[in-house]
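In what comes next, chain A is part of two complexes: it sits with chain B in the first one and with chain C in the second one.
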Partner chain A sequence: MTANAPLLELRDVVPSFAETGLMPAPYNLRMMPGECVVIDCRDSARAAIFADMCSGMVSLTQGSIRFMGLDWSTLRDRQLNALRGRIGRISRHGSWLNLFGTHLNVMLPQLYHTTDEFEDVVEHATQLGYRFGLPGLPITAPDRLSGADLARAACVRAFLGRPELLVLEDISDTLPEESVLPFFETVTAARDRGCGVLWFVRSPAAWREYRKAVNLHMRLLDEGLFPMRVV
Partner chain B sequence: MSTDEIVDPTIAPSDQFRRFLLHIGIPVAGVVSVIAIIAGVGWHSYQTARTGALALTHDLLVSQQDYIAKEVSSFLMPASAGAIVARDMLEHGAPSVEQKIFNGYSSTMLRNVPQIQSFYLADGDGSFSELERGGNNQGISVTTLQNRGTDKATFAHELRDGNDKVIKQWQTPAGNYDPRGHSWFADTVKAGQEFWTHPYVVEVTRQLILTSAVPYKGADDKTHVYAINISLDHLNKFLNSLKIGESGNAILLDHDGHVLAGHGMEETLVQANGDPMKMVIDPARFPVMTKAFDQYRVHGYGARTVRVNDKNYVTITANLPVGKDSWVLLLVAPEDDFSRFAMASGRQNLLFSILVVLMASGLGFMLFLQARRSERLRREIEQSHAVANYESHALQSVAAYPELFNPEDNALILTEALADQSHARRAAIWRILHDGHTLMCIDSYDRQQDVHSGGFEMATTDLKSFFDAVSHGDALAIASAADDERTAAFYRVYMRSFGSKALFCNPIQGATGPVGVITLEDAPRADMVSHFVDMIAGVAAARFSAQHFTAVAAAREELESEPPADEEPHDPSQGFLLAPGALAMNGQQAPADLKEMNGFYPAVAIMVISLSDMVMTAQNDPTANIKLIDTMAGLLQDIAHQCGLYSIRMLGHRVVCVAGCSHTPDKGASYRMANAALMMRENMLAMLAKEDLDPIFRIGMDVGPVFGGMLGKEPQAFNLWGDAMGMAEMMAQGAPDVGTIQVTEDVYLALRQNFLFRERGRFFIPGVGLTRTYVLAGRR
Partner chain C sequence: MTDAPPPTTPQAGGGNGAAPPEATPHAEEDNRFVQLLGRFAPWLASIGRLTRHQVRFTLLLIGAGWGTLRESLRPNSWRRPVRYEFRATLRQVVGGGFLSIVITATLAGLMVVSQAAYWLGYAGMAQMTGSILVSVLVREISPILVGIILMGRSGMLSLTEIGMLVLGGEVRSLQVRGIDPFLALVMPRTFAFTVGGFTLGMIFSVVSLLMGFVVAHANGVITSSVWTFFFNVLAAMTTWDYLVIPLKFVLVGFFVGLGACISGLTVSSNDTMATIMPRGFARGIMLVLVVNILFMLDF
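This part shows the complex of A and B:
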């Protein structure tokens, strides 16, 4: 990847309607390193599909999506998986494996994709947990945690490591209010080191406090993706 | 890219693997095909040569067999023809000269035909004469049977010389000898024509004899038999003297398998004790001949190949007519004797083939090496192309930095770009100050930590050799800075604490010589980006020349400036809302002297109330804030008095409450603390609700051992440390929601009989391990 290349670029992307249900209109998006793009979408399912598409998990009928200069459609499985390891994701529908404790769910991507020492990963996860209001690294299975703690754990999972892109679905209704400020702080810290943020929100209230730091505000509607006026 | 990634998505490894297979597969396939072709050609050549050699061998053996047949015929012919001539002479001669004719003819034959051993002449009356060579082949010995049929029957012997003159006469008893009882007489008379006897052994000479006899009617009308004895020793010697291949043999047998002459005759004779009827081939000693004869008995005459003990033998069996009968001539020779040259030729071919294969393997290996080399070069070209591309972007970003030549700006991008390009752990720009004796670090960038630092100074006296090297103006690339005398001092001063090993130095050239140096530590790609480092050095030189003041002066000014006088903070109460030990504990008054409180406390209940920053700072009116806090503090003091807490202390946004601070465990401490927590929560919620504010606090509780006491000089401060203190803070910080009380497992175990708890979950806490936390809900 080159210094002034976009981090994430959707160029005339038309997703497969049968697979996604998204309007087969050309989608265009260009995000530079360190930028924050807020996408307003009231339909959380549509936002999740769009997030999947940006992560290269949806087949396209036209156009290309390039992340860090690499086109998702040209990569093989091994590369695809490795590249997705650079994305930190908060999923609204959880994506938790109840077979394992929450700690493993949180650390698994980092342990799988990197050679980081286990102790370092545990320490980093614990520190992030403190920041988001967890007393430690939750061992309990995700389905036994409260909604608020699960939202905190989702934040820890997304921010763990050094992700290049954060794809954040809206969990503002479950994330406790006192964790919102750490959330903003962590997003800003990630952006400072060049991480791009793709943030899906359902209402202006969720990102009101962060409004001034947002680079691009877009709206994902039935008809497609439209840029909004940036405040 | 993050260096700790296991898979780099920008590289397609499967392609490399396929290419590697291609590189190794083509040479291997080439060498294997060369080997296969050579092996095929060699085998075919060997088979052709072998077939030709065998055909030639058969022809050779057939001609040899013809030769032997002729030899045997010529060997036996004198007996056959001589007998017939003698018969005719004797038949038509007068009886009175019969003996003379016999003597004259036979002695002539005996002298001229070496294989003839003796002659017999007998008639139906039992008369018998024998003529044979004298002892030591000297003269002729004539033996006549006299007084036959009587007890005085004797053999009269006469030894005659070459002129038929009698040299010696003697007699030997004949016993009851009668020629008519012998096979050569009886069977000949019975056959009525020429008759060949079976070989038999003469007892006197122990020689194997064959007799050819013819009957005739004499003038006296008596039946006479004339017999010629041939010694088979001569035939045997002849057959043994034949050379068939290298180690072939010939043997003469009759149809029943009795050995007549040839290879192994002596052994066979000994084994059969001289009985010709027992002289057969011993399968144990002559397996090849036995097998060849068996094949003849099944298939008849002809040439064949038999295999014995994994070795091929060429055999040929031929018919030899002898009188009315016929014998079997058997020739045996190892196939190798004839096809050895084919084997030798094959071996030579194999040697040549091995040489060719070795050369092909060498060429294949060179092809493989060449392919790998070209692959490596291709990768290097791609890499250098990518590096050039990346460098141009990096240079672009450096050039785009607006304050690049502003001496007031630190231009941190320079060291960042250097570290990024060279993959250095740390990149630094140093300046030789105007005094010429000081090296000052303008900026140092730690790539792993992503932090900048600077301002270090080094004097010439400490780092003379390093200074000399830098002043010389050459770039240095040193793999181990500690071992190089030029950089050893620099390593000790600057690098050792950081843990770096390799050093790359590039001087910054000014108008009058070096004005500084760029150092890159542990930079694997420093050599590849030396031109980039040169460019950055040029930028740094331009920045240095633009600066109007020296760093030394700035540093001196900074050093000489007086530090501001510290403001003496005065905390009359050390932050205690409730002074330690102010209340009675367990009905006892606390010790008046707090110095007695120093030490270890096994079970202290600690509660931390964490007040939220955000809400507190959101209050715009400081007066209202102070009033609110003041009310809250009074509230807390009241509750502490009610519940008998040991101390309450306010530290910034936290309130720390302690109960049970005694050297003996106070079992009621956690109960009192939990009660206090619930009361504080209820009262604070009510108070905040009255002020129309959201809850702004979280409470954490733990019970456990701590240590502490009075510290310092007057005014002394009382403080406690320990796991319980840390855990209580952690519980407050990580309480699930505002206005909730989170407690540790120890508190839960101590109080579950008296209070209601809700489990939050299990957590891992570094240094503590797995634990559960609970939310204190209320009293039972």
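This part shows the complex of A and C:
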């Protein structure tokens, strides 16, 4: 990745309508390292698809998406997976495997993509867990945890390691009030070291307190992606 | 640059008074062929669709089998979550199937060993007991029974787990995080089934022979010691048997595991448990039998 190059760039991207259901209109977005882009979208399914598209999971009929200077469409499987390993993601649905305990679910991307010592990964995850209000790393299966604890664990998983990009779907309805401030602090800390943040929200209340630190506010509608004025 | 000369041939549907173009015999023949093709095209398409649908699983299995072997040779493929999945599946396959294998082997031993020993002794062919047991019980029956138990106890579980992960969107979620489901789920499980198939197969062979000996000895059909009995069995085995018998257990485990994982990974959004399970069961039985029949044909 060259200096002053955008971290994430969507250039006249037209997604496959049959695959995504997204309007086949050109989408444009440019995010520099350390920037925070808030995308307002009431429909969480559409937001998830758009987030997938930014992660190179969706076939395009036109345009290109570049992450860290690399075009998703030109990469092979192993490169794609390695690059996706640099993205921290919070998903609203279908992101927990009940085959493993929650602790393994949280550490899975780190254990898969890095050669960091297991103890170091556990320690880092535990510290993040404390920060978000967990008493440690939950080892029970995810389907036995409450929605609030799952939201906390989702935050731990997304911020674990040193992601280059955070793609955050809106979990403000399940994240407990006392975890909101640590969430903002962790986002800011990540941005300070150059991590970009793509944050999908469903209502202004979710990001009101962070409004001043946001670089770009956009709205994802049926018709496409539109920039809004940050007040 | 000079002007282009006016066209000398009349154009179809051209200007006023132009004669309608006459169809040449060759063009008429072409037209008839296209019409004929148009009439049969849907039939041909449906035959092609049916053929592709029928061989799809076989082709998938061949491709996935090759992919599994190739990927397993790369040290980079055996990352920590992959090794964890391998250990967990191996524990489930061997631990979950152990009791079933012991019981089935005992029953098979009672039936086959004691009956073979009795009838061969009755016919004055007691010296053939070893070779009959090796060829019937160890080489032919054991891989089939081990394969069926492996599929019922663990294969169906893997199929359901992976199928549900696909339908629930968790597999896509893995991909979003850069975790290849083939490496994380299919490859370790397939190798766990392979190792498990060999382990359970060996346990099955020993237990069935031992239990058969115990019963036959108790009835007085066999009067030699257990060591002599096993020595006779081993002496009846050829060099080829030492290769084929473990290979059958390994291949049965490999294909049962691979078939279950691939069937789970390729479920469609229209599938439910009611459609996934019977399909997986039928495919598993077919794979167990195909592996055994292939060896039977060649050797």
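Here is the rule we use: the second predicted complex is superposed on the first by the 230 of 231 C-alpha atoms of A that agree within 3 Å, B and C clash if a C-alpha of one lies under 4 Å from a C-alpha of the other, contacts with A are read in each partner's own complex, and residues count from 1 in each chain.
The working rule: a contact is a pair of C-beta atoms (placed from the backbone, for glycine too) under 8 Å apart; a residue touches a chain by one contact, two chains touch by 3 or more.
Bear in mind the structure is a predicted one, so any value in this text is a computation, not a measurement.
Taken together in the superposed arrangement on chain A, chain B and chain C fit without clashing.
Legend: residue contacts after superposition of the two complexes on their common chain; A:Leu97 is shown touching chain C, with no touch to chain B. In the superposition on chain A, A:Asp149 contacts chain B only, with no contact to chain C. Looking at the shared chain after the overlay, A:His113 reaches both chain B and chain C. After overlaying the two complexes on the shared chain, residue contacts for A:Asp12 are found with neither chain B nor chain C.
By the touch criterion defined above, A:Glu178 reaches chain B but does not reach chain C.
Touch criterion not met for A:Asp222: it reaches neither chain B nor chain C.
Of the two partner chains, chain B is the only one that A:Gly133 touches; chain C does not reach it.
The partner that reaches more residues of chain A, of the two candidates chain B and chain C, is B. Contact with both chain B and chain C is seen for A:Ala82 once the two complexes are overlaid on the shared chain. Once the two complexes are overlaid on the shared chain, A:Glu209 sits clear of chain B and of chain C alike. Of all C-alpha pairs linking chain B and chain C after the chain A fit, the shortest spans 8 Å. Overlap of the chain B and chain C contact sets on chain A: residues 80-83, 85-86, 112-113. Residues 1-4, 70, 75-76, 78-83, 85-86, 101-103, 112-116, 122-123, 126, 129-130, 133-140, 144-146, 148-149, 161-162, 176-178, 181, 193 of chain A are the ones that touch chain B when the two sit in their complex. Within the complex formed with chain A, the chain B residues making contact are 1-2, 4-14, 389-390, 393-394, 396-397, 450, 612, 614, 730-731, 733-738, 742, 760-766, 768, 770-771, 773. Chain A makes touch with chain C in their complex at residues 52, 55, 57, 77, 80-87, 89, 91, 93-97, 99, 104, 108-109, 111-113, 118.
Interface residues of chain C, counted against chain A in their complex, comprise 79-82, 84, 88, 161, 165, 168-170, 172-180, 184.
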